[in-house]
Structures are given as structure tokens and as C-alpha cells.
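Which chain is which? They are A, B, C, D and E, in the order written, and residues in each are numbered from 1.
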Amino acid sequence: MNVMDTRATSAMLYLDGVHVSFDGFHAINNLSLTLEPGEMRAIIGPNGAGKTTMMDIITGKTKPDEGTVLFDGVTDLTRLDETRIAELGIGRKFQKPTVFESQTVQDNLLLALNVDHSVRGTLFWRGSKAESERIDKVLETIRLTEARNRLAGSLSHGQKQWLEIGMLLAQDPKLLLVDEPVAGMTDVETHLTAELLKEINKTHTVMVVEHDMTFVRELGVKVTCLHEGTVLAEGTIDQVSSNERVIEVYLGR
Amino acid sequence: MLEVKDINLFYGAAQALRGVSISAEPGKVTCVLGRNGVGKTSLLRAMVGQYPISSGAIVFDGSDITGLKPYERARKGIGFVPQGREIFPLLTVEENLKTGFGPLKREDKHIPDDVFSLFPVLQSMLGRRGGDLSGGQQQQLAIGRALVMRPKLLLLDEPTEGIQPSIIKDIGRAISYLRNLGNIAIVLVEQYLDFACELGDSFAVMDRGAVKFTCDRSNLDASEISRQMAL
Amino acid sequence: MPTKLSARFCSFVLSLFLIAFALPAFAGPFEDAVAKFANDDFSDTEEAVGVIASSGNKLAFPIISALQDGRLMADPDSKKVYVTGTDGKSIDAATGEAVASVPDSASAVRLNNRLRRSVDAALGSLTLQSPDVGTRLQAAQSVFKSHEETALEAVDAALAKESNKSVKTALGEARAAILLFKSDATEVEKLEAVATLKARGDQEAMALLTGMGDQPPSVTKAAASAISSIQSSLAVWSTVQNAWYGLSLGSVLLLAAIGLAITFGVMGVINMAHGEMVMIGAYTTFVVQEVIRTRYPGLFDYSLLIAVPLAFVVAGAIGVLIERSIIRFLYGRPLETLLATWGLSLVLQQAVRTMFGPTNREVGNPSWMSGAFELGQITITYNRLWILCFTLAVFAILLAMLRYSAIGLEMRAVTQNRRMAASMGIATSRVDALTFGLGSGIAGIAGVALSQIDNVSPNLGQSYIIDSFMVVVFGGVGNLWGTLVGAFTLGIANKFLEPVAGAVLGKIAILVLIILFIQKRPRGLFALKGRAVEA
Amino acid sequence: MTPHMLTRSLDRGATIFLLVVAALGVLIPLFNLLLPAGSFLQVPTYLVALWGKYVCYAILALSIDLIWGYCGILSLGHGAFFALGGYAMGMYLMRQIGTRGVYGNPILPDFMVFLNWQKLPWYWYGFDMFWFAALMVLFVPGLLAFCFGWLAFRSRVTGVYLSIITQAMTYALLLAFFRNDFGFGGNNGLTDFKDILGFNVQAEGTRAALFALSCLALIIGFLICRAIVSSKLGKVLIAVRDAESRTRFLGYRVESYKLFVFTVSACMAGVAGALYVPQVGIINPSEFAPGNSIEAVIWVAVGGRGTLVGAALGAVVVNYAKTFFTSGMLAPYWLFMLGALFILVTLLLPKGIVGTFNAWWDQSKEKRTAASAASAAAEDGVTEPKMAE
Amino acid sequence: ADDTIKVGVLHSLSGTMAISETTLKDTILFLIDEQNKKGGVLGKKLEAVVVDPASNWPLFAEKARELITKDKVSVVFGCWTSVSRKSVLPVFKELNNILFYPVQYEGEESERNVFYTGAAPNQQAIPAVDYLMKEEKVKRWVLAGTDYVYPRTTNKILEAYLKSKGVAQEDIMINYTPFGHSDWQTIVADIKKFGSAGKKTAVVSTINGDANVPFYKELGNQGIKAKDIPVVAFSVGEEELAGIDTKPLVGHLAAWNYFESIKTKDGSNEKFIKDWQTYTKNPKRVTNDPMEAHVIGFAMWVKAVEKVKSTDPDKVIDALPGIEAPNLTGGVSKMLPNHHITKPVFIGEIKGNGQFDVVWKTPGLVAGDAWSKELDGSKDLIGDWVGKKCGNFNTKTNKCLGSGS
């Protein structure tokens, strides 16, 4: 996929020629991808295609061997650490739900709120009405209001998924990276999640990784299919899902 | 083959299972369905003995296994594919598979060919550490690992979670292959209704720790199940 | 080695006895000298040795060698002196006649270091032609050390007859040493002597060359060049020596750490009682040797071979017991294991203190672990060498076991995910107990080896625990290779720093280096990388 | 500290604890000084000194609990900060001796005289002034902690790796301070103190005052810790403890947080050491011994990790046990008792004394109110983190 | 109760020092037992109060305080390391009680409340060096010690002494190691190298405690024989040797004021050993120098108490100087005004059976110097608690230094 240089500056997220290998195994190969501001992009691709690794690169968890990763057209993400990247406004939901297990659901959200994250700020923090209202709202959205005082560790797998989405909402980043949000959800919940993401997309740029094609279809956005660490196909869901190669390596017959 | 009778399970003060009964037959797939947090995983944990039940009985192969330790149950032939894969992260793929050798007789201590024909990706990754695999690859490994034990009862906890569509189909094929062998009883916990409906012989929908709806393949009504699940 | 030598030596002495018996006795300076032994005065004894050695009397040798071995008995009342043979028979030292028994009032003639040196020197020239190779070698070496001019004749005579190569070299060196200091030796002889010493090339040769005093200019020049060549070769050897010491220290560290690499590295139990397992192994060795000493003295050389499996079993069994009664309740709570095992270590230490007393216990080196041999210019002690071999063997066995055996696989599986391992049909509790027992057992056999170089006291374990943790962590937790490389790296680094910075600063420097190193590799030398670790 | 932080940090347990410490801090000195010897309530000076020592240990334990219980930093080298604070105070006390030393040297401490030191090393300058020494009590441990932490946290050294390098740190300091050339009196350390701020250190009044001061320090230390852990910062710390990298992805600069608490904690430990020295009358390198630091961690575990009150209580309980067992009939066997205590506490009271009590209290409260499980969450959100299994 | 006189025993029974100190505790219990058999003191039985300061220095101070204030003991026998003594010193001064300290130490101290029954450097180190110089004609010296105050001070004194005897700086090698040092390969090799320079070399070892065993094992294995490079040690006695196979070490030396092997004319040492072995029910139990120091100290205290008919510390302290008590080697030791005692000095060679063979002894008893004559700081100082009532009296300026309290 060739990306025009002039667009590179206007893109929210711009990956070009990214390579990563682990002990000789090439997980990402010459990956190039552009995400426009306000866009929602669904990423699909076989297991092990490098989707999660790509998110790792964007969020600074993994450093690419080579290639460019630009955020907002100017910031080179490869030079920054996770905290800085999060501060820039990139939020992430992990494939395996990771929440703060020994804290309550409510505190998990409180921690995620994008207010002053400095040591001083948190030390002298006093709750504000606006904050608690935000938390209430998020709790409602993720339907965990009743569980607000439960320890996150005692939630079921799916509930943790929701909580993580909630944390992402509370964090309110410019760019959301959502890794398999509906894994382990019922069809109804899947639908709700799709609605939620569409709602979020009105004000945010979103990148979703998912294997649930119904869900991807429901999102109705541009789809990129990765394979062996590189872009295999890009386009509408119909275009991509009718691509022979995609069917062969991913969808199956 | 397996008979779960009226079991209750508590996490501390919170009750996760309320009088659940369920059964599984060789050559049949029993599907357990339900929303998040209704107790599906808890039910499987009770069956494999990872968490003690407070009352009720679990009968397997004619004997009561309620009091047995998890490894004793496994040795009796209960294979388990847990939610979240629970791969041994630092063991290689091959070693992960070999952990299933424990209960086997000497002549059986090899990895059955089925495993590789069902999941060819494992063959190519034998030397890699389990923890390095991608989510979907780990899921395949987890199923493969359970098959190495030649189980009589296979418990699958949301095996399609995070799996690419073509492999979901493969897993579906694998499950029906196993079912068709006729000597393995399968309990499948799922939220992915289409998948469950395709494979299931009997269905149980759970809600708040209890089974609130059951049906058979014969009287299967997918929309009813879906309605039950959404409630 | 020394015991063998002295055994041969005794047989030689005995054969000389037979000659001695045949000789008639006559009064004279010799008898007076012998009588002096009864004065219990070091100066008198020294005088007597001098007189007797140069008397040419056939009894001289048996008397002086008996003096050396503490078999020369003197009766202060009657001023009579007796030589007791190794076979228990005795003769009168002055006459050579056999006596029925030595009176009770007689006691062995005492020696001090100065006397021991004169005895050595006296025996040196007396035994240059002994039939025994070892004795001859020793004699030549002691002549080299004393390099008295008077011995030159004897050396020359011996050199003419000598056929053994190494004795010949030693004699040549002795001769060179004498000539170097002999004022009337010719220039050619001296130059030759310098060359011989240069070829010897060790510290002592250099000392002789440096201290030889006024010499003809050509000799001085030759000596100067010899000295500088010896110096440069010694510098190389000192590097080799440091490396060897480093390896040997590394092997001790590895041995001490290897059990911990299992209980801590593999199982994740912060096992503060690890050192006490080592201690138990050492005490097992002590008990084994004690039994052997009192019951079967002949088996002493095998004591360690018996102690190794026994220590493994004893420490292993205690390990299993500990696992079953304490550790098993603490899986998944590694920090609590710190607390409990710390308590345990206190209890074990005090238990041993109550049972065996607070003082050091004697554990001896079997003969094959005593002494040293020279490799070029460095001394390699047998005990260190054996410990190195032993450590590598233990390491190899353990590695193979964990890697390739079924139980090894089960151990790793259980420690990585206990719950899932159980669901795979692995009897986790049995595997846990075995693993902990294995780690403890290996600590126990480490104790056997450490008892050979360190003191066996209730505090033994304490002195190794910190180093062991350092090694395991430095190498990378959960990686046996890391432990191996870590131990040897620390050992060698330590031994190269020690001569430069001194023992204390060297140790501090090592600790600081570890701290800094961990900054570079936050998960140790052989860090496991990748997702597998974070997962 | 702003008022809202103060009120937020005082829950029931905290208030009770503070009241008890305050009462002890006032009553023990009073009973010691005012009541005639032999009267029923009279507290012998011996006990004042003893309890003064316990209180200092309690402060140390508190400082460890702050980083270990709430931030998951297991320092096996906290004794180093304690000892450094102690040395700073010891140096002041040493300089106060003046010409009253055995050699009568007005400047050089005795140990320097008899090892032929000609002049005072530069790092001893200024310690004749109390304010300077007091500053150093905070500054030296703080600076060491800051530098050490800055390196370690920035390179993301965590878990046992961190524990072991803290141990290496204290071990290296132990060896360094043992060296006589280092200028701190070698193994004998600093001792034979005469007076502090003009008061005789051995006078009853001074002892009583030092005790009261230690209690005050404990109260202040406790309040600081409570303020930290009950603020949002406390929640961040727990988040760091349980899922460090997740916290990073939320945009928290984890290393700053760790560095902050680590340094605060080291300063607290330093203060504890400084108060300890005049009360026990000696500071020597054995305070750096790794075993001491491990033991301090164990006090915290015995009392209950992540409860603050428990840490202080654990320090007192363990040390009282030590005092009690080491005299009389039990003396030869006291290690059995202490060892058994540690083992039993771990097995029977896995959350420590206070942790177990809290759990029991919460549970019975839950039963009493028969309320929904919702309210049962531990008050501070502090429970044992779920270890990766 | 009032009908007994309490005697405090302050020796570590656990921790690193237990190895040495436990025996001393037993010794005092034994002596008290013997004394009580003789009817006690002043018609009252003696009662031992044993505490365990656990090799922990602050705990020493705490326990000392406890003994004096809580148990109200009349005298305390205790301590081994200098730091433990330093740690309890203020307590004894503050509470005005008596400590008998039985171990050889670096000197430079004379306190009113402490009686030093072990050797001062001039009663051990200097005679030993004299012996080596005269008897063994040693020209080159290795001063090897553990890095703490006793070795440092002793080596300072020895260095000054050797130089005053004309030994050149390059013929002195000084080496310090950490406590519990166990890897002696490098150092032993260095000693060997230093000793093979053609001049007769000896090692003066102030290596402490546990480190001795590996040191001697390494010496033996690397083949350093006493006749080549003798080692004279100041902290290795019968008790330490019990843990080593001494056969390779025969001829190495130790300097003490007492050896178990010493035969006395009146048989007092033999009797003591026998009684001791009977008391401890261990026929192999050895005796050693610090034990003897306690024997002397205990006897002196008993005599002093009987002299003033009171256990009041002030009276006993004043009565003690001048009191004489037989030592176990046939002489009579006397308490000096500086609170040190007179002692004979013996040099013993290690024998194959773990005992020592005395090869040299001082002609008479040597008076212990509280202040070393070899050090600049202290050469003008004396301790005199009789005339001057001062522990550190400067004879040049005629002043009692410090506050003296």
C-alpha cells in the first residue's frame, strides 16, 4: 500500500515500513498503514498476523527494528515510552483483559480518568463532582453500576472486558486501540459494543481488532486485513471478504 | 458418562452456581450458553475440580468423583480447555503438548496425529515457547493439549474466543470429528450461538448461576435460546 | 599424596634399620650429641642434629628421620635416647642395640620450626641417593632450598647416578643454586647456573637470582635478563592463576546456588532456609566421617563418596518434609515463603546448634582431596579441582534431568501454572514435594563439597545465602545456564579484582557492578525475553 | 498537608492507633519521671529505653510497609537507610563529645586518634551543628534512595531483581563501613556519646524526651503514610503494585511514583535511625547487615502487609518477643520460638495480625449488616494482590 | 531473692559469635557451681542470670541494662568482640556496675567499670613477634587480619614496633579481609609469593572467627608448611582447632596466655581441665585462653567481695586493684590499677592432635598496658584508678583527659 507523503502529516496515525522480529522471527514485515483523524478502522487477520504486535508498537511496548510511526502527523512514537504515548492521547484495550484486580471497579475507572497524572496531582487530588459524574456515566454504559464496589478481580472474564472498555472511555484518548473487544461476549452484547464504538467514533479516532465478522460488518467501516505482518487487503468489508487471499488465509471456505 | 447433580458453588459469600444439573454423553456435544458472568466457567471449574463445590455431586463414568483431586479427575479422562488458554508460557509448544502424557500408558506416550492434522500451525511451531504465540495460536494449542490426554470427556470453555473465522470452522470440524468418533463426551461452553447451534446435541442456558432453559437438537429453537440469553 | 610419600619413606627407613643393626657402637662425639636430645632444649637439639648429620655414622639417618617423625624418644632422667620404629620395635639411639621397651618417663623429642628446617636440610643430603624416587625428589628440593655449599659433593654424586628425569632436573637446579652462591665457582659454571634457574622460571629462582650478591659482570647481566624473562612469564602465569581461582570460586558459588536455582528459580519459593540445607549436608558429612573414624578408619578416603548420596537423601527428605508441612500452603504467595523460610532457617540453625554444639566441627579432606600439584607456575589444589568437576557434573545431571526427563517437564509445568498442570493429570503435590526435595537435596550435596573448604558450623549456611541469591538473580531467575554463567562470571571478576583492590574493596566493587549491571539487564544475564515472560 | 487529606486519612483504625501512640508517648515519660521509684505504675528507665527502641523500629517498619505493602517494592536493604540516618546522628553526637573523649582531642573522635588520623575527613565537617546533622539525617538516605531508585526504576528493575540489588546495596555499604579506612569507626562504629543539644544522653529526662519524640515521629510518619495511601496517589501505587505496565498505558509515569515513595520511605527510615542511635548509644555497621533488613520486612509481614498499623505493631511484637525470649530460661532456645512464630504467623495468619483482624472484622460486619456483597470491599482497596498463578 | 548474689552472664548463645561465646557462658556457670559448692560468697549462694544478646550489638546494650536494672546483678561477666564491649560500656558507666571482659583486645581503653582479664597487645602480639624475630630469624612479615578494629590496631602497633626494630617497609605486607572471608586462594598465593623472595617470612594473623578454618585449610592444601612460612595467630585456640584437621598445620603458632597442654607443678591446670570435663559431661571438651581469663576474673571478684564484705560495685571496684589470683599455668596474676592484669605469655606450636606445644614463654608475668607505647596518640597515657582515679591520664601534661566519667 503506498501512502502519499503529503497525507502523512494530516494522518492521525501513520505507520510506514515497520519491521519487528523476535529472535529471528519476523512478526511485522514492512507494515504501512494510515489512519485519518476521526476515522474508525477495523483490523482483521489470521491469528499471529501481528495485529497485537502492531498495537504494541504504537503504544510503545515494543520498539520496531525499523520504520516510521507518526502520531498526529508530527510525533515520532518510536522514540517515546508508554507513559508519554498515553499522555499524548492514545488509549488501549488489551486482548487479555488487564484491570487492577485488587481495586474496585469504581477505582479502576477513577485511575483511568484523564486528569492530572503527576505525582503531585494525585497526592493532592480531591474528587470533584464532574469526575464522579463521569464515572457514573461510564459505569452505566458498561452496565457495571451494581458492581461498582466489587473488586475487579472477582469479575468474570466478560465483565473484565467491559470494565476495560470502560477504562478506555474514562481515559478519553484521541486515538483508541481496541483489541478484540467482543471476545467472550454474547451476540446482544456484541451488538451493544458495536453501537458504543460507533458512538465513540463520532468524537474519536478508533482502531479495532476483531475476529467476529458480524461485528466488523456491523461497524461498517474500512477494513484492513493483515497477514504475516503486512497488509494483505484493505477496503470495505465486502471488498475484503471477497478477496481470494483473505478467504484463503483468514475466512476459510 | 457425566452427571452433574444439583451443585452449588460459592466464591466467599457470593454464590456462583445454584443447583446446577447437567449431563453429557459419549458422542454427544452438550452446549452451555449464557451471558457474561452467569457461571459457565464456574461450572466447568467445578467439574474439573479446580474449585470445590459446597453441595451436589458429580458422577463420571459411573463413579462419584466429587471428592477427587483435579489430577485424579484428569487421570480418569477429563480433558479441559480453559478460558484464557492457560498455556505453560515458558514451555515450548511440544513440551506443552507433552504435559498431557502423565495419565497415559507407556505405549500411548506420543502426540496423536489428529492434533497436527486438526491444527497444522502447531506442527510448524513445535520449538517455540507457548507464551510467545498469538492468542489464537494458543487457543489451538490448548485444544491440542487436551486431546493429547485421549480424554473421554472434553470440556471446552469458549474455544472460539479470539480465533480467526477459518480456524473457528476448523475447530468446529474438529469438535464434530471428535463427536463422530463416538467415544468422547463433549461439553462446550459458548457465547457464539451460531457455532453452538451447529454442533450442539443438547443445550442449557444459564443465568445467574442456574440453568434456566434446556433443549435438544430435536427441538432446537435458536431464536428462543438467543432470547433467553439476552434476558 | 603426602601419606603415600611418607609410607614409602618409612619402608626406606626400615631397610636402613637393618643395616644399622649390624654395626658396632663406639663412644665419641656422636654419643655425646645423642645424649643432648634428652635436654629438652631446642638449641641443644639443633646442635645435636648438626653433629650427627655430619658424623657419617650409619645411625645418623634413622635418628634424624625418627626425630622428624616424632619417633625419637628421650628419657630426661637417664639421658638415654631411643628410636622407635614404625613397627613398634625400638633401638637405643646411641648404640643401635635393640631394646625391649622404652621407659615410660621417655617422651618424644620436641621440634620447633627452626629445628624442622635443620632436620630437613640434614636429611636432604642424606637421602639424595635413596632408592625411592619421591624421597630423592624431596631431598633435591630441600637441598635447593638450603643451597649449602657442603651438599655440592653429594649432589654431584647423586647427579651422576640419577636416571629419573624429574629428579635429575631437581638435582640440577639444586646444584645451580649452590654454585650461584659458591664464591669459587667459575664464571662458566655460574652462567650455566643462571641458565638453569631461568629455565626453572619460578618465584624462588627469581629470588635466588635477585639475592645472589656480587658476581662477575657477565653473570650479573645474564641474571638480569633471566630475571626479566622470568618476570614476564610470571605475569602471564598470574593471569592464568587468577582465571583458575576465579573458576574455582565460581564453582563454589555455583554449587551453593544451584539448589536455590531450583527452589527459587524454578519454583519461585524465596527460600531463605537454603543455606541451612547446605549446612545440613555439611553436618551429614561430619557424621559420616565421625562414624568412619570411630568404626571403620580404613574407609576414610571413601567418606565423601558415602556422604554425597546420604547428604542428598537427608537434605532432600528434610526438604520434602518442609514442603509438605509449610511451603505447600504458600504457593502463589512468594513473599510469605520468605517469612516462613526465614523462620525455618532460625529453627534449623538452632536445632543444629543444640545437637552438635555451637563450635566448628572437624571434617577432614580424604587423601585424594588434599594437597596440590603444580601446573606450570600455578598451584592447583586437589580439593578445588574436584569441587569444580563435581559441580559441573551436578549441573549437567540436573540440566539433563529438567530438560529431558518426564519429571523435569512436570516440574516446570507445575511451577508455571499449578492449576492447569493439575488439570493435565499431573499430581501437583507430589511434583511440588519432589521439586523442593530435589533443590534441597542438591543444596545438601553442595554442603558435602563446601565442608571441604569451609568450616562446618551452624552459621555455615548464612555465609552462602546472600551470594547464592546474587548468583541466581544475576544470571537470570529461572534459567540454569544463567546460574552457571553468573556464578563463573562473578567468581572470575572477583578474583581479577581482588589483587588490584584488595579483598574488601573487591567485594564491594563486585556488588556495585551487580547493581549497575542489573540496570542494563533488568532481568539478569540470561533474561528470558518476550511475551512468554510477561504473560 | 491540606485539611481534606488529613480527614481522609483518618479512619477508625488509624485514629485508634494514633491515640494509643500519643497516650504512650505522653504517659510513659510522665510515669517514668514523676512517679517515685517502686510505685506500682512507675515505668523504669530501662523500659523507656527499650520501648524507645521499639518505636524507632516501628517507624522503620512503617516506611517499609509504605513501599512494599502499597507499591510492591520489596526492599531488602532498608536497613541501609536506617543506618545512614543513624550514622548522621551518630556523627553529630560524636562531635558533641569534644574534649571529653579518652584522648581529649577537641576535633578528632577517639577512633581517629588511635589510628593516627591527622585531620578530620571532609565528610565530617558540619556535623558539629545539630541543624546540619538533622538535615543530613533526611538528606543522605533520601539522596541515596533517590539515586538508587532513579537508576533502578528507570531501567524497570522490578520484583526480586530489585530486592536483590537493594540487598547488594546494603551489603556493599556494610562492607564499606566495616573498613576502618572509611572513617566511620569501622566495626566498632560510633559510641560513647555524651550529650545531645546540651542534654546528657543518659539522663532520665533526656531519655523520656527522646521517647516522646520518637512517638511524635511515629505519629507524623504514620500520618504522612496515611495521607499518601488514602489519596489518589495511594490508588496509583496499588495499581503499580498489581499491574505496573497497565498503569503505564494509562499515562502514569510509574518511575516517578516509585521514586517518590521510595525516597519518602528512605527519609522516614533515616529519621528512625537517627532517633534510635541516641537511645541505644551505638551505631555500627551491623545495622547494614542484610539480615537486619530482611528481619524488618518480616516485622511488616507479621503485623500485616499493607495495613500500616500492622507494620508498626509487627515491629513491636517481634522485638518484644525477642526481648522476652532472650532472657531467662528460654535464652538458649529463643530462636526456636522466634522461628516458630514466623512460621505460624504465615500459616495461620496469612495476612498478618492486623490484616487477619481486618478481614475478620469486615466479614463479621458484613454478616451483621447482612448487606449485599457490594459493600464488602476492603476499605482501602487493599487486599493481597492476586499472584499470577 | 535477697539470699542470693546474682551474677550476670552476657555472652551470645546464638548468631555468629555463639561459636566462641557459648563456652564462656558455660565457664561462668561452672565457676559459680564450684563456688557454691564451697559455700558461696559472704554466706550467700551465687545465682547466674543468663541472657542471650544474640551477637547483636544493640541487643548487648539492652541486655546489659536489663541485667543491671531488672535483675539487679552485682557483676557481669561477658562480651567477646570489642564492639559489644563498646556497646555496653555506657550502660555500665551510667548504672555503675562491673563488667569482666575476658578476651584479648586492641587496648586503648581503661574504664572504671570494666576489668580486662584478656590480653592487651603487649601481652600477646609483641612477645609473639619477638619470638619469631629471635627464634625463627624472620625478616619479612605478613600482617593478615580481618578488617576491624582489633587487627587494625594490633597491626598498627606491630608495624610501628617492627619498624623500630629496623624492618623495612617493603618487608611488611598488610592485608585485610572481610568478616567470614572464605575464599583464601588469592591471599594464600600472595603470601606464598611474598615469602619466596629469599628472606625468612612469617605471617602474623589477626584473622577472626570463622574465617580461620578456610584460611588454614587453604594453607594446608597449598602446601605452606610451618617450617617455610610460619603463621602465628592471636585468635586461634584449642576451640578453633577442634574444627580443623591439624596434621597439615603442625608447627604453625599461636600466642596466648594459657594453653590447655601446659603442665603445672601443682597440677592446677590438670585438675581444672578434669573438673571442667566432668561438669560439661564431655571428656573431649577443651579449654582455652578466654576461659582462663574468666577463671582469673571470677576469682578476683570473689576475693574482692570477700575483702570488702559487700557486693556494692563502688566498694568492689576500689578493692579490685591489687587483688591477686592464681592463673591456671602456675603463676599468680594481679589486678593492676589500670584494670588490666599481669599474665605470662606463651608461644605454642600446633600439634597433630589439635593441642599446642609450648615452645617459648616469657620469663615472668607481663603487665597489661591499657595504652600502647607504640602509638603516637597514646604513648603518654596511663590508666590509674587507684592513685589518679583516671583511666586516661596524660603523664606529660599531668592531666586526666576527657571528662573521665
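Everything below uses one rule, namely that a contact is a pair of C-beta atoms (placed from the backbone, for glycine too) under 8 Å apart; a residue touches a chain by one contact, two chains touch by 3 or more.
Please read these numbers as outputs of a predicted model, since none were measured by experiment.
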Contacts common to chain A and chain C (chain labels): B, D
Distance-to-centre winner among chains (Cα means, whole assembly as reference): D
Comparison of A-B and D-E (more C-beta pairs in contact): D-E
Whole-Å gap separating chain A and chain D, where each centre is the average of the chain's CA atoms: 44
Centroid distance [mean C-alpha coordinates] between chain E and chain C, Å: 30
Distance between chain centroids, defined by C-alpha means - chain B, chain C (Å): 62
Centre distance in Å when chain B and chain E are each reduced to the mean of their C-alpha atoms: 75
For chain A, residues contacting two or more additional chains: 22, 96
Two or more partner chains touched - positions in chain B: 14, 132
Residue list for chain C, restricted to those that touch at least two other chains: 349-350, 417, 419, 462, 504, 507, 530, 535
Complex contact set, residues of chain A against chain B: 22, 25, 44-49, 52, 95-96, 154-159, 161-162, 180, 183-189, 211, 213, 249-253
Chain D-facing residues of chain E, complex: 13-14, 49-54, 56-59, 61-63, 65-66, 69-70, 81-83, 86-87, 89-91, 94, 108-109, 147-149, 152-153, 156, 176, 178-179, 375-378, 381, 391-392, 394, 399, 401-403
Residues of chain D that touch chain E when the two form their complex: 44-46, 49-50, 53, 99-105, 110-111, 113-116, 175, 178-180, 185-189, 191-194, 202, 280-282, 284, 286, 322-323, 326-328, 331-332, 334-335
Chain C residues within the chain B interface of the complex: 406, 409-410, 412-413, 416-417, 419-428, 478, 528, 530-533, 535
Footprint of chain C on chain E - complex, ascending: 13-16, 18-19, 22-23, 135-137, 147, 175-178, 180-183, 185-187, 189-190, 192-193, 196-198, 210, 212-214, 217-218, 220-223, 226-227, 230, 239-240, 242-245, 248, 251, 253, 349, 357, 359
